[in-house]
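You will see subunit A twice below: alongside subunit B first, and alongside subunit C after that.
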Partner chain A sequence: MNKAVDLPAVGQRAWPIPGLQRLARKPRVTTFLLILPGTLWQAVLVGVSLVSVVLFSFWSSGFAGLQADYTLDNYKEIFTDRTFWDTALWTLEVVGFVLAGVVLIAYPAAYFLWRVVKSNTLKTVLLLLTIVPFWTSYLTRTITWIPMFGRNGAINEALQGIGIINQPLDVLLYSSEAMIFALWFLFIVFMIGPIFFSMSRIDEDVIAAAAVHGARPWRTFVHVILPLTKPGLMAGALFVVVLTMAEFFTERAIGGAQNPMLAGFILRQVDILNFAEGSAISVVLILMTLVLVGVMMRFFDLRKI
Partner chain B sequence: MTVEIDRRYFLKRSLQMCGAVGLAGFGGVTLVGCGDEETGAAQLPPVPAGAADWEPSVTPRKDRQFRWEPLAEGKHARATGLTLSTIGLGVSVQDRFLKEFERRTGHKTTPKVTTLTAMITEWLSGGASKYTTVETNANRNSALWDHDLLLPIPVEQVVPWKRYARDLFTSKGALGYDRHNQWPLVQVWVDPADQKEFRLVPQFFNCDSIGYRPDLVGGDVDSWGVLVDPEFKGKSAILNDSLLTPGWCAGYMKANGLADIKDTANMTHDEVDQVIDFLTKKKKDGQFRVIWEDYGQCVNVLAAGEAVVTDAWNPVVEDVKKQGVPCKYATPKEGFTAWFHGIAIRKDTPDIEAALDYVNFCLEGWWGAQVATQGYYSPATTAKTYLDPMHRTSKKFTDWQWWYEGGANPRPKQGWPVNGRDTGSFDTRWGNIMHWMVWPDDPDYYAKRWNDFLAA
Partner chain C sequence: MGFILAVLYFPFLIMFVLSWQGPRGGHAFPLSDGYPSDIWYWKLFHPGQVTQFSDVGEFLGDYLAAFQRSIILAAAVMIISTVLALLGAMAFRRGFRLSGLVFYLWLLGLIIPGISVSLALALFFKQLGIPQEWYSTGLAVHVMWTLPFCLIIFLIAFNRFDERLEDAALMLGANRWQAFRHVTLPNIKFGVLSSLLFGFTLSLDEFQRSLLIEGADQTLPLMVMSSVTTRITPTLYALGTLTTLVSFLVIGLYLAFAARSARRARQTPVTGADEVAGAGASA
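The block that comes next holds the complex of A and B.
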């Protein structure tokens, strides 16, 4: 008996692989197959790692390695440690300072690009200039700050040369202020692009309509432009918050390791092979980050970006 | 019928699948990892004939006795089909060393350079099977030894050892031997009493102190106390290490009657508290300009004058000098802090011959001569054979005279420049040891209090 053959409809091409059209009529199978490669990738690189960290946080460890003895001791240790809470609070403060600084710098810059710069070519060039430093490694961008902001660095030399200061400013390097300053400029690339692109999507007619209805420029900005750029702000804020929470290198290279954040806490546990307690702190850090993202979603549904 | 795949559906389904596969994957890995694997120890080759009479020679011998001996310029040993896969720090795992090893022996090499923590972590989490040897600090070696990952190496297999080993690694009467902790013998030997098998074959060693800018300090430094001296407030830097930094501070406080500490290398909780509280007060007073993390940062900090005094590794000072900046290594009256690095062989490596050839290569003399200009000592006196004719550091003094005998100054010399090693001869340095950097009984407490210090 001959098998029925799937003939293409009139005007359509035949499916290149036999049976594929039949498969396409099973949407759940198709969905599964389409998301399988990406899911496997995520599962291996993210899922297994995350599950491992959570499991290890309930184990004990020391010089002889990890023991699967399921205990709450690691969590008791960190939750009863005053330094842990102080460091967690400081980490949140740094996130706040960095986010505020990045928004205050990026928003006006994006607005300038959108409203003031008329030439599309110039817009592209200027936007590219904010992204180009991102093409170098994070470590290189951080380390280049040292010869600029050190006691004998370019900035201090210039300020002393002009006569603004008599002694070099120590605060420009190896201080918490220097660390936050460096983080503004490291993370600004994540904010300026999303804000600019959300501004670009605003219909000029909407702004014109606001003016026609008697709204002054400031009122138009607050009630029309700002709400419409919320998606870009929130997208950028998401990046900045998550990256700052995990920050450890700038804290050491620019901050002088004198104001450590939670990620540095984890590293110091790993240094002495205490993987279990390091995992417990990692779990707490992940939960804190998820809570922060959750709070942000109360202001804006990030799924709409 | 078509199903709309919107972002919400996609996120929900893929997160569910991700979690499920993640759990299954972890379960699978655990089951596989819990398997009762039988791994046999590597089969040791027979003890090489003529080993007892071997002598080092800079000039390649016509009929080489061993693969790792010097080979005539331009020649390359025939390929053996064996591979040495080694992991270690950048100071010991270097392309120039491994290329010479390949040339002499015909073995292939696969190096990996990483940090101490990363290499131990990798070995303990199942990564050991990728390597033939590990080049580690002795205080971390116990972690691998206690996990039964390493092969005891019969002393006869290390040809240069019998006649050329330094007594620091064989004798309790040697300069620098710590009677209290029994270092370094207890880390070198499976049984220090009979010394028949190595736990860790010493590869290079040194003792640390303070790097300083004599031009900015206005003189010479002779105490660890300079790092906590208010005169250098805001100009002092210390290493971000929960074990090493409290160690030297304990030595300083004990020697100056500031604390009652029995063993500065392995402190009790009370003793750690005394040291940390002292350092915390200094930190709050603004004593430290930076708490440095890595080698390059230390070099930059000293060279740029961000700090004028810092606890430092010897090569840091040498690298600062290479930039034309006056920099010296101090001889502290409280003593130096000692350490050694060694090579250990993985228990069931199939490339045991390559591993033993590498151990012998590192002690043959050439390797030791290469690391000498970084300030490191070789545990075998074979390096003298190579260093005696060399004048890489000074026209007047041979490299041996400079790096081992102190050049013009077997005792540390005041002022700048110094025509020899800053801290004097080998005997001067090793006769002045504060402690060896051992792994303490409770490193967790050190780390906990160190976090308190950093967050203060």
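The block that comes next holds the complex of A and C.
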């Protein structure tokens, strides 16, 4: 006779391996199994990357490749290098400029989408239109910057044609300004979405309540709307900061590459086969990024989107 | 808003115009004589063939083969990533010990700068003698990058999903698999689609992580990167125009699908109720 506990419940079929079914019904086991594959994948890759980069930063780059002589030379070298500190500072500056620019451009646009645009379909359409370029190759789009903003480029030709300027503007291309400008528009898509999303979650009654209490539009904006959109802002800011810290392609293609940021600096070390120094700088870059993220996370829990 | 859209879409116009550049022309204006010429498109499809207009240093790489590799890789990445992220999101939904830590672990795939990952893994693979190919190490690294994004998408999707529908299904006699298949899954279909699309796109354009760890056969972004450092020819614009068209097509399909399922969802009162009752009765 089968023990009662071994019979499957109503609506279920018996598994060929009896003990397994009882185990699978334990919620903690299934939860563990659910989270396992993804976590394993990430853990292995993240773990190996971090351990490797730290490990190799203590080795040295010989002519035959990396040599496992443990030394602090790499760190001594970079921390006494003026260029390194300048690069690090410049990277932080760029992150600041880019973040500020993206917020200043994306926030009004999201607000416009939320408040001014009335029809829901139009809202979705415009939002999609902003996101669609993201689905195309960022690399080719950035390269197109060259014919657009170069000395003989479309913009310069147009401006000269209209007569606003007499000579082509050189600052439009191969300059830090051009790079920052390009980065603004690359990251807008990461901002508009989350900001608009948190705006659309604002309860209309709250705004009405503010008005009832006599708050004028500007006051309502600063004290009610702005704080309520903080989750969206922080989510977007997280992406912008993290991705700007890692950015090197835009710099190479249209930023002139004379004044690289940390990621570009690392790539340069790799190009000249200074793998150990590159690893050391990578460690610093990773730490900086983690610190920035940590600071931002204190204001905001991502899971609360 | 208009300004933003203008700046965002202007490159496409330029790309399209320049892809028809004259044979002797360069990658920037002015348009040289022989405009419009489809030679750059021809070069896309006949890689490595020298013409009377070719000169020293012209990049003769096979863009289309690289594009193919990128597409295959992106397809694999989107499926793996979506599945893993969906499972993970379900676990997070239930809550478990150390879930905060695990969440940050998943996010680290996004936070750690790509170049550092690339360098670290390249050196690691070299030390161990593991061969680096786009379909093995490249795949691993791409999924590492897309997993956090897909997870976030699913977390948002589950946020909007009312768990009571699932509970109702379970109470009506469905087992957990039936409840998942007939109630949960249809309701997060939008999340699944978004995750697939996101995973695909992110992988297609990924280059920071794969930069140093793909073998000789590269994916497309890497090939584009190397042509930037050697010489940019309008072949790139021809490629860009084509890939953009493909992207628009894919997005169009996605939107059509999403619009259709949204319309259908609005018509039925409670999604899955009939199927669940039927499933419970037939069990």
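Criterion: the second predicted complex is superposed on the first by the 268 of 305 C-alpha atoms of A that agree within 3 Å, B and C clash if a C-alpha of one lies under 4 Å from a C-alpha of the other, contacts with A are read in each partner's own complex, and residues count from 1 in each chain.
Rule of thumb we're sticking to: a residue touches a chain if its C-beta (ideal position, glycine included) is under 8 Å from a C-beta of that chain, and two chains touch if they have at least 3 such contacts.
Remember, it's a predicted structure, so these values are computed and weren't measured experimentally.
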Following the superposition defined at the top, how do subunit B and subunit C come out on subunit A, clash or fit? clash
Quick check for you: in the superposed arrangement, does A:Asp86 touch first (subunit B), second (subunit C), both or neither? first
Identify the partner contact of A:Met245: answer first if only subunit B is touched, second if only subunit C is, both if each is, neither if none is. second
Could you tell me if A:Ile146 is touching subunit B, subunit C, both of them or neither one (first, second, both, neither)? both
Counting touched residues of subunit A, say whether subunit B or subunit C comes out ahead. C
Pick one for A:Thr130: touches subunit B only (first), subunit C only (second), both, or neither. second
Which partner does A:Gln258 reach: the first (subunit B), the second (subunit C), both, or neither? first
I'd like to know which partner A:Leu159 touches here: subunit B for first, subunit C for second, both or neither. neither
Taking the superposition on A as described, I'd like to know which of subunit B and subunit C A:Arg268 touches: first, second, both or neither. first
I'd like to know which partner A:Arg28 touches here: subunit B for first, subunit C for second, both or neither. both
Please work out whether A:Ser52 is in contact with subunit B alone, subunit C alone, both, or neither, and reply first, second, both or neither. both
Counting clashing C-alpha atoms after the superposition, which of 74-82, 92-100, 146-154 or 272-280 on subunit C is the one that bumps into subunit B? 92-100
Dual-contact residues of subunit A, meaning touching subunit B and subunit C, are 27-28, 31, 34-35, 38-39, 42-43, 46, 48, 50, 52, 65, 146-147, 150, 152-153, 252-253, 270, 275, 303
Residue numbers on subunit A that touch subunit C, as the complex places them: 9-12, 27-28, 31-32, 34-35, 37-39, 41-43, 45-46, 48-50, 52-53, 56, 65-66, 105, 109, 112-113, 126, 128-130, 132-141, 143-148, 150, 152-154, 157, 185, 188, 242, 245-246, 248-249, 252-253, 263, 266-267, 270, 275, 278-279, 282-283, 285-286, 289-290, 293, 302-303, 305
Sort out for me which residues of subunit B touch subunit A in the complex. 1-3, 5, 7-8, 10-11, 13-14, 17-19, 21-23, 25-26, 29, 117, 120-121, 124, 142-143, 146-147, 234, 240-243, 283, 288-293, 297, 300, 304-306, 439, 443-444, 446-448, 450-452, 454-455
Within the complex, subunit A is touched by subunit C residues 1, 4-5, 7-12, 14-15, 18, 27-30, 84-85, 87-88, 90-92, 94, 96, 102-103, 105-117, 119-121, 123-124, 126-127, 140-141, 143-144, 147, 151-152, 155-156, 159, 173-175, 178, 197, 201, 204-205, 207-208, 212, 220-221, 224-225, 228-229, 232, 236-237, 239-240, 243-244, 247-248, 250-251, 255, 280, 283
Give the list of subunit A residues in touch with subunit B in this complex. 27-28, 31, 34-35, 38-40, 42-44, 46-48, 50-52, 55, 62-65, 81, 83-84, 86-87, 90, 146-147, 150-153, 170, 173-174, 252-253, 256-260, 264-265, 268-275, 277, 303
